[in-house]
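Next come two complexes built around chain A: one with chain B, the other with chain C.
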Partner chain A sequence: MTVLGPAQRSPATATTAFLYRVDGSASWTVGTAHIIVSVSGPMEVNKRDELPDIATLEIVVRPDVGVASTREQFLQDRIRRVVGPVIALELHPRTLIQIVVQIVQSGDTKTLNTIALSASINATYMALLDAGVPVRSTVSATSIVCYGTSSIQGGLTTGVLIDPTRPELEKIEKDITSVHTIAYELKGGQIERLLLSESVGTFTEDEVFECYDTAAKVCEETNGTMREAVTKSVQQKGGWRD
Partner chain B sequence: MSSEVILPGDPIPLDSVIGDNLDDSDSGPVIQLGPGVLHIPPETLLPIRAGTLTTVARSKPQKSTTIYVDTTGGRYVPAVHDTILGTVIGRFGDQEKSFYRVSIPGSAAPIGILSSAAFANAASRHTRPNLSNGTTVYARISAFSIALGEPELECFDENTGKEGGFGELKGGMLADVSNGLARRLLAPSGAYGGPSVVDVLGKLVPFEIAVGRNGRIWIDSESCKMTAAIITAIQETEELPRERMEERVQKIIKGARKE
Partner chain C sequence: MPEPQPFAEALSSSPQLFARLLPTVFFEKYLALDPPIRPSLRSPKQFRPCSINTSALPNTFGSAVVRMGECIAVCGITGYIVDSAEVGPSSLYTNVDIVGRTGPPQPELMSMSEWMYETALATKLFNPVQLRIQGTTQTLVLQAQIQLLSQMYSGEVAWAALLASLAVTRIPKAIPSDDEETVTADFGTEPDIRFSRTESKKLELNYQSLPWCVSFGVMEDTGLVLADLEGRVEDASVQGRITIVTSAGTNSLQNLCVSAGKSVISKDHIRQCISLAKQRAAELDSILKSQIYHAYGNGW
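Let's look at the complex of A and B:
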């Protein structure tokens, strides 16, 4: 049963290792969203934040305009919930792993907070890989926006946008019924478990499960994009082997 | 030695990795794990870094296979027996027993402790070196555990007890390289099947080099200009295949001679 209408999707691109004064960096572009992430660590930790058995994970989100507010705090919390369980923190006790997420373009409209989150999660994961921080599996996230437009003729058109651009969002903003940010853990390119499901709006049980299925497919695709970017970076750094 | 790009969580194809490198006995294969691979008992091997999955087949003392994920970047995490390049930043203790505080740039544990008795010929207080702040030292990590904090350093060859190139480095110039390049520069000549950048440089110009596993190198040669050229040659050719590396090194050194 198809509850939701046809899905559209903007492609994503990733680049890594372009910042020189940190241990790892990545940039993630999807639609109109652009996020840059730097990762430093494991390094010396402030005595006050030191944990005796695991590494301290510090996540800082910097907004595209203005100073950090509750929105950034929200993003920090969600990013931590997704990447925290995947990083093998116990391998570097009493150290600090610092993640700085710089939103260059959030890609969200004023009322939404989903594209920046999913793009930040993807960018953060890529930067962690580049920094060589030990992680147990791969992570991908996606945003799904459901909308319903009632036409003058009385018919109802419903649709789904996956990782939409800002103009696309603005066009349907009034008709958005629900927004879902979904992150999966993957192993060897296969979905392993759900890490984040952040839904806002009105939706039925069937709809949200369909969103999970759609997100699973998109995350597998996104994972492929990540694998390509990592392979490219590893092969470039290993050019001396030829 | 075989290699392929692997991501965290990917399955390690054990059968193809081990191949026929098995002892005749009925016991299972012997596998040694290097960095980047986590063993989850009983028999799961989990890659935890993105990089080149590298396997090395060994036949002595028994047939075994070493598996690790090779990466270039990342922060240096100290390990015992590693050689590092650091800078003296302080001294504490009394006349009888004093210690140097040594900054180890680019390391997960940024400050090491070097005893003034941990030098060759340091049996007597009068023969111990007197290092001032800012001195560059080439040292070896003699004790370290990430749970205990500061690495302990020594400045003598652990096999002979002699100086062996360790200790204060006078003159020369320090430069940053990647973690992976530092490891490669320390590998024995021909370990990667051909001349390394140091071998190529050594045929062109006489120079001294000290490589710290913390991603630092120290170079000294006939002139400052040549030292700078050698550093450029090492840094610029990191990712180049051997032939292009040789060409580039020759061009840089020739250029430095001409000026």
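Let's look at the complex of A and C:
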């Protein structure tokens, strides 16, 4: 079994606070994926959706092309499972926190949705920070794609792509053996616990645990990227003090 | 003991009301017993009893009714003909519905439907070459319509119904017509297809032991692993979830979804669940095999 290590991957970039009519916004670009998320709240909620002890979380995912389908519902459900436990919902009962995820470029091939999911989770978290929604810890996510090709000589070459670009995915599309979307919770820059892991394909227990370890290293790097972006954003926002 | 006064009676609530108002507390009271037990009277690692009936629906290529505990799923496999060139990434389309509900589907149902489609795509249950219609450029595409007779969105029961119906699916022989033609997408013509009522061929699956779906919950404070969550109380009280699609007798998995909620899910939890899932897969395989043998005899 090849030992996995953070392979060559394109760095992620984040910008925040560029949408005017919402409380917080963030843009996350990694490889060929580009996601924009806006967060509004805690704000007024209609009586039908009001919850007596916690804030209501509404997450809407809009695709890059076409109308929202079951795929976007799936993404919405997974984002909620990651971000829901991290937000301190009990601090704002009877209010609404509305998150809108706009996929500008999904970065996935037609059959996958892993890149859109991991990039959306990262973008959502940055937007929550920008909006000042109280959160308990940091969240970061990554996509790992494992593939194996049998060469004509009969050997088997396996490889691992981390947060791949769409051309990279299309090149190995036929040989993909498993796809993993993994999100971790971090505190103080250190991995605290696993929040979400979606693994699809054909893989063994050992392979998926190796992916977890690789993802942990990648998520710590992503956390560093988020920290830099937030530092820059706070400096810009506090610019009026000078 | 004296008769309870009307005032005291009004203040004491039935267990059902307690379960509705405070499901988490209700659940923890049961788990605090020694040995821990669940409101459904199952032990933490105990799965629901399962029964499978195949070929119950007429006018389908294959069908199955699967019952696990209180949840029932009915699956019917039908097909439609498309031009080979138009076939998308999958030769199997799944749709999940809840019986008796009107109006637009709930978000949980839509996301379960998407999960089923993606898992069916990734598990490559059968080779689509079997669906080609000989002598034409057309191919059959299978459609699985799954109906859930339960208020809880039970993905593993729907998936079990899909597997069981595919295991008994027979593709009728396609007979291209000599005189009738149909226009294809690129404005050529293809012979009209009709299906034989007598000749059919069994759909060969890529798996000897089928990849069943098994789900678990992990409690927040104690890290206790619960197999096969069911019911409103368990759904509200247990946030940590592990869903595994795997077949018995191999060490490979097809799908592993871990969603921690507020629980801490460690690699040990996952290892434990994988080994329980394989046992359950073996059990479900034998339930299905004995049902098929019972229904069709040894000639299947």
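Rule of thumb we're sticking to: the second predicted complex is superposed on the first by the 232 of 242 C-alpha atoms of A that agree within 3 Å, B and C clash if a C-alpha of one lies under 4 Å from a C-alpha of the other, contacts with A are read in each partner's own complex, and residues count from 1 in each chain.
We adopt the following convention: a residue touches a chain if its C-beta (ideal position, glycine included) is under 8 Å from a C-beta of that chain, and two chains touch if they have at least 3 such contacts.
Model, not experiment: these values are computed from the prediction.
Asks: Once the shared chain is lined up, is A:235 touching chain B (first), chain C (second), both, or neither of them?
Replies: first
Asks: Which partner does A:205 contact after superposing on A: first (chain B), second (chain C), both, neither?
Replies: After superposition on chain A, A:205 lies in contact with chain C alone.
Asks: Touching A:105 in the superposition: chain B (first), chain C (second), both, neither?
Replies: Once the two structures are laid over each other on A, A:105 reaches no partner at all.
Asks: Quick check on the superposed pair: does A:24 touch chain B, chain C, both, or neither? Answer first, second, both or neither.
Replies: First partner only, chain B.
Asks: Which one hits more chain A residues, chain B or chain C?
Replies: B
Asks: Once the structures are superposed on A, label A:165 by its partner contacts, choosing first (chain B), second (chain C), both or neither.
Replies: neither
Asks: Across the complex, what residues on chain A touch chain C?
Replies: Listed in rising order, the residues are 70-71, 73-74, 76-78, 81, 84-85, 110-111, 113, 179, 193-205, 208-209, 212.
Asks: Once bound in the complex, which stretches of chain A touch chain B?
Replies: Result: residues 17, 23-24, 40-44, 52, 88, 91-95, 129-138, 186-188, 192, 226-227, 230-231, 234-242 of chain A touch chain B.
Asks: Using the touch rule from the top, collect the residues of chain B that touch chain A in their complex.
Replies: 3, 5, 7-11, 36, 38, 46, 48-52, 70-75, 77, 108-110, 146-147, 149, 178, 180, 184, 192, 237-242, 245
Asks: Which positions of chain C touch chain A when the two form their complex?
Replies: Interface residues on the chain C side: 89, 107-108, 110-111, 113-115, 117-119, 121-122, 239, 251-262, 264-265, 267, 270-271, 274.
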